[in-house]
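Before I ask anything, let me first share the structure, which is written out below as structure tokens.
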Amino acid sequence: MEQAEIQRIRDSFAAQSMMTTLGAEMTEISKGHIVICAPILPLALQQQGFGHAGLTFSLGDSAAGYAALTMLPLDMEVVTAEIKVNLLAPARGERLIATGRVIKPGKRLSVVTAEVHAEAGDTRTLIAILQGTMVPVSA
Amino acid sequence: MEQAEIQRIRDSFAAQSMMTTLGAEMTEISKGHIVICAPILPLALQQQGFGHAGLTFSLGDSAAGYAALTMLPLDMEVVTAEIKVNLLAPARGERLIATGRVIKPGKRLSVVTAEVHAEAGDTRTLIAILQGTMVPVSA
Amino acid sequence: MEQAEIQRIRDSFAAQSMMTTLGAEMTEISKGHIVICAPILPLALQQQGFGHAGLTFSLGDSAAGYAALTMLPLDMEVVTAEIKVNLLAPARGERLIATGRVIKPGKRLSVVTAEVHAEAGDTRTLIAILQGTMVPVSA
Amino acid sequence: MEQAEIQRIRDSFAAQSMMTTLGAEMTEISKGHIVICAPILPLALQQQGFGHAGLTFSLGDSAAGYAALTMLPLDMEVVTAEIKVNLLAPARGERLIATGRVIKPGKRLSVVTAEVHAEAGDTRTLIAILQGTMVPVSA
């Protein structure tokens, strides 16, 4: 990817205050592939003390959305049309790693998936899978 | 609903730090029906300055989950097995109102829906619909 | 609705051999609202002798799709971009009734829902809810 | 897998009249993995002459469900709790190949995915991805 393409993704991500609030960082950017990591912060828990489904969703949705954006012209943004998450295990441990992937890019619609893993010490557990649709819009 | 049933829902909701972070309040509790409201805070935005999909999701998912919990014995909690959101319009305005509803309660699975509206001045716009499955677990 | 609008929906439905195979009939057509009924035929069962999930899905998806089509110009068709079904009860009885409804019409995307009921004697049971996205395409 | 395990899957599949109607065959069976193939028959088309979404769904859902069944005791069956399909391209060509896979097996819930490809001459096109939840029930 060209530097301008990478930069516009970094700029868009930096403009999402939700990602800052959750302590999220974008750690990998390539065509059709994005990784976002975040600690499981005390401010983002559910009632049993695990990471909230909203945290897992936010990271997975953002990774999937930015994966779609890597395949679009520089003057475009994407918004989520719809996305589904299956939660497989509690969001337990030090941090979450969300990997977004484009299954089918498109000018009208991009179909995307994401996986979210929880990292506790040396173990990584798959805790969620997402499948959804992103819509390109003018930036 | 009995006072103890209402109280356990309020207690569980209060224990979700994510809801506190997002400024969310539970404003209605009845059998199979929950309303959660939250301002669109500067800390929960996406790159265009609207509420993040993760905010909309978090409120809708919580409203749906607690709606399921209203129909379960006092010693149970629920967790989200899966949920899908279709986003209809940007989360724009002063606050979001998420209404969760039970379509089919069950001991193994509860099927739920939620609607999320955005309130801007006097107008309310439906911005998201959710459909999902909650699983009862021992508290 | 005008007669030409109704006719193009009837024509499109009649062109779906899958609907003929399943014995389906379109029984109600109005703006944003379609009802499709079908017997539970011996050729469309699952391994326990109930209607197959594919039968329930086919009726719900078609009802939702044609509901979207009622709100589009005469030179358009729709295709399903994505749809999710939650199955609530077995498809048991004499026939299924699928009711499709438009939640948000649009030129790029229409968000739709459907409900499917099973009729056994005098009782109607909600057996499935669907939520999805239809995409208008040139006819 | 043991012969009895394979046989109960073949028996269950053979008992699905819907699969017979659609001309479907189960061509691969292994732990957590099922392949089902079917021609695109004239009886299963949509209004543009491509395979109906209900055909694609039926094959994908069955492949995913039987993949879940490969990981369960012999006295169990599975039913679909919910499943979502994203349709990527028309079901065009001679036949469809649905591959089901278990992401997380479980006694209460199994999370599954499926891919459906269309085969036209020498080319295979991914036309749908599915993600869903199967529930084990006593046979």
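As written, the chains take the letters A, B, C and D, and residue 1 is the first residue of each chain.
Here is the rule we go by: a contact is a pair of C-beta atoms (placed from the backbone, for glycine too) under 8 Å apart; a residue touches a chain by one contact, two chains touch by 3 or more.
Just so it is clear, the model here is predicted, and its values are computed rather than measured.
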item: Selected interface, A-B versus A-C, where C-beta contact pairs are more numerous; value: A-B
item: Where chain A and chain D are represented by their mean Cα positions, the distance between them in whole Å; value: 29
item: Centroid distance [mean C-alpha coordinates] between chain C and chain A, Å; value: 33
item: Gap in Å, rounded to a whole number, between the CA centres of chain B and chain A; value: 21
item: Chain B, residues touching no fewer than two other chains; value: 81-82, 84, 86, 111, 133
item: Overall pattern in which the protein chains touch one another (line/ring/star/complete/other); value: complete
item: Parts of chain B lying in touch with chain A, wherever the complex brings them together; value: 12-13, 15-18, 20-22, 42-48, 52-55, 57-58, 61-62, 77, 79-87, 90
item: Of all residues in chain B, those that touch chain C in their complex; value: 84, 86, 88-89, 103-104, 111, 113, 126, 129, 131-133
item: Contact footprint of chain D on chain B as seen in their complex; value: 81-82, 84, 108-109, 111, 133, 135
